[in-house]
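In what follows, structures are represented as structure tokens.
Both complexes shown next keep chain A, but they swap its partner, so chain B is in the first and chain C is in the second.
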Partner chain A sequence: MLRRICTLAAVAAATALATPAMAQTSGGTMNVVIQPEPPGLMLGITQNGPTQMVAGNIYESLLRYDTELNPMPSLAESWEVNEDGTVYTFKLKDGVTWHDGEPFSAADVVFSADVFLRETHPRLRVSLQHVETIEALDDRTVQFTLKQPFGPFLGIFEVGTMPMVPKHIYEGTDFKNNPMNATPIGTGPFKFAEWEKGSYIRLVKNEDYHVEGQPYLDEIYWHVIPDAASRSVAYETGKVDVLPGGSVENFDVQRLVDLENSCVTGKGWEYFAPHAWLWVNNREGPMADKRFRQAIMYALDREFAKEVIWNGLGQVPTGPVSSKTRFYTDDVRQYPHDPEKAKELLAEMGYDGTPIRLLPLPYGETWQRWAEAVRQNLQEAGIAVEMVATDVAGWNQKLAEWDYDLAFTYLYQYGDPALGVARTYLSSNIAKGSQWNNVEGYVNEEVDRLFNEAAVAFPDSARQELYTEVQQILVEEVPVAWLLEIEFPTIHRCDVKDLVDTAIGVNDGFRNAWLDR
Partner chain B sequence: MQKLIYIAKRLVKAVFVLLAIVVLNFFLIRAAPGDPAQVMAGEAGAADEIFIAQLREEFGLDEPLHVQLWIYVSDIVTLDMGYSYRQDEPVAKLVFERLPATLLLTGTAFVLSILLGVLLGALAAARVGKWTDSLITVVALVFYATPLFWIALMAILLFSVKLGWLPGFGMFSVGADYTGFAAVLDVLQHLILPAATLGLFFMAIYARLTRASMLEVMDMDFVKTARAKGVAPARITRIHVLRNAILPVITLAGIQAGQLVGGAVLTETVFAWPGIGRLMFDALLQRDYNLLLGVFFVSSAMVILFNLVTDVVYTLVDPRIELK
Partner chain C sequence: MATTTASEKPQRSARAQAFADFCKRFARNKGAVVGLVILLAVVLLALIAPLLYPASPWQMVQRPFLPPMATEGFWFGTDTLGRDIGAGLAYGARISLIVGIVSTVVALTIGVTIGALAGYYGGYLDDALMRFTEFFQTIPNFALAIVLVAIFQPSTTSVIIAIGIVSWPPVARLVRGEFLSLRSREFVQASIVLGQSNGHIITRQILPNTLSPVIVMASLMIAQAILLESSLSFLGLGDPNTMSWGYMIGAARTVIRQAWWMSFFPGVAILLTVLALNLVGEGLNDALNPRLARKGR
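Coming up: the complex of A and B.
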């Protein structure tokens, strides 16, 4: 007996909400900044930020997500799940073709998920461990059978997580060295046209796109401009229309927004929910004491950092789960800015003034200033801080080798605590050599149990209960010091319409975007 | 004949110097913290140990260091600069793709700075103590002392943002599809700001050097003799003084010429000029070992070559100098 989770009518309603009732005009060229230059555009192989930002136009997945993280149809037009949440059946859209004209079918889905991405995609590989079989029932129907219920399952069909790759090009080849990686073929609204390394990437409209009348733009140029100040100037002088989040320094944002015909939005990060925190090395020195870590939380003026360093965009987090992510609760211990309380805690534990090292994130001036603000906060509470200077490679290595006391970072949450939160706190995830696991060395059996049970609990109400409890424990224990739910500002000309309308913003491609000129 | 033997000897020595540089560079960049696999894993935002191990194996970083060195050196002696795993292309292709842009920028700046620098320096020396001299000295000092990137940004602000006369970034108008003369003109317009920024710095050095060197020569006896003979002042400056004072300028030009291929990291970065300097800088941040070593190899070869050329040029300018 199948239960219909999503009917076409509901889908139509959701799509109508996402698309304002304005008459879109077709045509025009969009100029966008891309920074840094991506190493490649084959989204199944390279998953870094700039790759997805460009390749999100070329590739697609089965689903998309609105800003509330509700799944919307993309290559799948409808989907069903059985009573106990272990069998998911997707009905694919009819008449979809790859950019080279070959038809897209269920065989491509099976190949992408079960063969290609299992080999190349470290993040998806972890989620797919819950999947027993992936089968094509017919040309347009794909069935995923899970080993047990896996709560976040419907959340792993985002384009950067599970991009559909063409079976007819990759089957039986060495995926990473396939020469076709240089000219990516997807089903998306735009096709790859050319890449002048060091200068620009050009995409052109897919005339055979499966959504009638879309996309509206004729072509997109992604400009490679290595200097942040020059990127601001490129926008100021009208050479580019869109500055995706993080492409200019925060202190330039206000100046650029004040220009004529210039708009800014912090939306479009709901799926990723970039969560910034300070790694606290729980293994050694004063950081091993819970009271020291709580003192750090009280010492930090997180509102100030949000208002001044991030121009008021974002939100001060209450704990490990972002308010954008599912199963969030604010029913946890609160840490207002209270240096006196911090001093009390430090006195109580007998902190002897041992200096601790602070490792900023070497991602530009914004992060440097944030680190300086944090140092000042900590010093006001009586904690001696030494800044450590390094570059990106050095930062990676220091974290992977646990050679730090406090270190800045931010991680994506991918909509569900099981995908993007648990990895930071599970003790089974402690291993040198990676900067994305339990780097702080936090060990708590109760937390392990709660996270592991919550991932496979069914239905959602059972998951909520478990996640609420784990959030309460973590916020009490402060394994890391949460700083900010980041919203990277996307700056764009106001006459660029419908640019950001899903949970992954500009990373979702410009299928709906149009120019009102 | 003697000259040719000398040059041949120098070239043989150069090969060994180059090889030593390659080995030194190899160890130098591996001494930097982190490796390309870690950087790529870092950018992916999520990675397990399997992923990083896969990358290391793919890049050949799982081999012991001496094996890696042996592989690299035995490739480089056949002029094979290896493969950039990050960019997924052979290093030679990447380097030679970027070379024309860099040569255009650094070459223009080179010619511009020598011509203007020597001219201004000679002018200042000829009118030493007068206001022309003071003006040139001050201008040269300002351009010499101001950081390059600041001049670059200010130039963009003034000419690109405020006045809107010149494009502020890139090498050509993307998407304009100019052909023929229009395309050349387009590149020239894009070239003005970066070439001027880079050129002004070197111009300042040449001007100061020429002036100082000429003033020294002016006090010499043969100049007094020439003056006593009644040779015209302009001719004294041109033939007697400048020609004798030009040697240090040639030395510096030799050094600058050696760096032509190395690119200009700051200028290329600020102006988004798609040259080799940026390629190198990105490779450095990404720990793209092969690419970085490749750029180092080409630019050190150029430095050695131009040192030799400089020495030969000395003998042309001043026949008293012999090559032995």
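Coming up: the complex of A and C.
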């Protein structure tokens, strides 16, 4: 018997269509800032932030996700999973065409996932290791057969993780050097028009888009403005309508939001759920003592950092899993701001005042101020802290070589602990030379076991149980000091409607966005 | 004062008389006196900083972005994190003066040594040392300082060393010039005839006679060093653990339109200190080189 998730999705889609908040008007040009200028727009090959922000309009994947991370139809109109969670069957939407007029079919899906992205997309490649075969049953049906259940599987069909690329253009070519990479062809709501390097990228409406009547906008200009202050000015003078998250300094946000006809939202980061923490080098010095790490948690005034440095956006995390990510639990030890408690713990372990080094993240003013506030918090609890000045290259190197005591970072969670959380705590993931793995050197066999079992457990209730347990252990042991669930503010004119309505926000393309002018 | 000691110790009396003359000539330059007063005020501020502000200047004491004069006790307002700008100014004075003075001492040590050797011995040694000096002079000061600090990791020590290294060439050239002209004077010839060693002649006979222009230059170099330190800190290349004026301006730059006071007060502090040092330098010049000064009037 097959579990039918598709009915639910269909109902959700129907209600969404049945209750339009306002009558959308078509037409108009949207001006958006893109920072920094992307290296390329072929999303299958380049997956960094700015590329996806622009190319999310050009390419699509099988699914989209609402802000609760529930899958919604995109190129797939329905999907089924067998009852032991190993066979996923997707029914593709009818009448979808590529921007060059060729029809989109199941063969494109198989080519994209099994051939193209396996070669070019390191993050997806890891998830696809759980997949035995990808087959096209007919022109509109694709079946993924897994080696064993893989909990996060339905979460890997986001456009940046699995963008559909045209088989008729790429089959048999050298993917990375295909000249068509300069003029990307997708199925998305907007088509690539021109790219004036160093100045702007222009996308135009896809008249043959597979959703009737959409998109509403005629064209989108992505402006390349290298200086943060100039980006603020461009918004103030009305040159641009949208400042995506991270394109202006946090300290400028309030001033820009206070302008007339200016709105801000922290939504649209639920899928990535950027989670900021302090790496704590568990290997050496006082940091090897659990009580010292707990003392750090008590010493930090995380509420202050959220309110003052991040303008109140975001949320103070309870542990390793973001509250926006699946299988989150708040049933863990709590660490309120309590310097006295921190001092007690330090006295109990006999901390001798050994100075420890703090490595800020060299990503601009916000992070520098944050590091200063953290240093002050720790000093007030009696921990001697010295800040180390560094640049991006130095930061990367020091972390990769484990040459640090405390260091700032933030990482994406991709909706599921198996994709974005486990990598930081698994002892099998300790390896010099990378700053994205278990950099803190935390080793706990029980945690390893729980994470590994939870990744392949089925159904979700079994996974929740395992993840709850692992979160409780980790929060007790504090392998790293969690600081903030970051929300990057998207600032936009209030008459830009329906800009952010999915879990990846501006990165998901502007297919629903319209201008109320 | 001079009269009482005159009969007993004639030599001291001559010195005291010289000092009184010096003071008189210095005082004649009103600007220099104003400069000296400002400078003493800054030094005093640096000395009593811990008494005025017992808490660390990094401590977040009030709500952020508090305008100046808005709250009792926070005359200069607070910054992005709610730290007291006043405390920052007081503690910033310390680091500015320390860096200014110590790096000038470093630069003088290098510059005077090289200049003296080149000027006294002449010949190939002079050529070699002067080419070496020119090599440093051709590299823009600030660019070299940035490179040095970046290589050595920003800290107070590395900033001092970097500023010292980039500021010595003018000293070397000045001292060399003085040595060249003094070397052929009779008192030096006499010393050689008396059989004094080269080291003795350099340090005891010639060097004291070159000091007046060096002192004038040193006072201007301190001002220069304070500016350099502020510029480095502004760019984020200062010691991240020390509150300095340049850092305060750098951190305030992004919010200058919301909070003018955050960059204004440290800016004024730098302006006043550097101006004071320049005025004092000019006064010293008048006092130490009376003939030159009178020509100017």
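The criterion applied here is as follows: the second predicted complex is superposed on the first by the 505 of 517 C-alpha atoms of A that agree within 3 Å, B and C clash if a C-alpha of one lies under 4 Å from a C-alpha of the other, contacts with A are read in each partner's own complex, and residues count from 1 in each chain.
Simple rule for what comes next: contacts are C-beta pairs under 8 Å (C-beta built on N, C-alpha and C of every residue); 3 or more make two chains touch, one makes a residue touch a chain.
All values derive from a computational prediction rather than experimental measurement.
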item: Partner chain in contact with A:Lys290 - chain B first, chain C second, else both or neither; value: neither
item: Partner chain in contact with A:Glu196 - chain B first, chain C second, else both or neither; value: first
item: Contacts of A:Lys267 with chain B and chain C, given as first, second, both or neither; value: neither
item: Partner chain(s) touched by A:His337 [first = chain B, second = chain C, both, neither]; value: neither
item: Which of chain B and chain C A:Phe251 touches, first, second, both or neither; value: second
item: Which of chain B and chain C A:Phe304 touches, first, second, both or neither; value: second
item: Chain B versus chain C as contact partner of A:Ala234, first or second or both or neither; value: first
item: Chain B or chain C, by number of chain A residues touched; value: B
item: Chain B versus chain C as contact partner of A:Pro122, first or second or both or neither; value: first
item: Contacts on chain A seen with chain B and repeated with chain C across the two complexes; value: 229, 391
item: Contact footprint of chain C on chain A as seen in their complex; value: 228-229, 249, 251-252, 254-255, 304, 308-309, 360, 365, 368-369, 372-373, 375-376, 379-380, 386-389, 391
item: Footprint of chain A on chain C - complex, ascending; value: 56, 58-60, 64, 80-82, 150, 153-155, 236-237, 239-241, 251, 254-255, 257-258
item: Parts of chain B lying in touch with chain A, wherever the complex brings them together; value: 32-35, 38-52, 58, 86-88, 94, 97-98, 101, 153, 156-157, 160-161, 164, 167-172, 174-175, 268-272, 274-275, 278-279, 281-282, 285-287
item: Footprint of chain B on chain A - complex, ascending; value: 29, 31, 36-37, 39-40, 46-49, 122-123, 125-126, 176, 181-182, 196-200, 202, 219, 221, 223-227, 229-230, 233-234, 236-237, 239, 390-398, 400, 411-412, 423, 431, 433-437
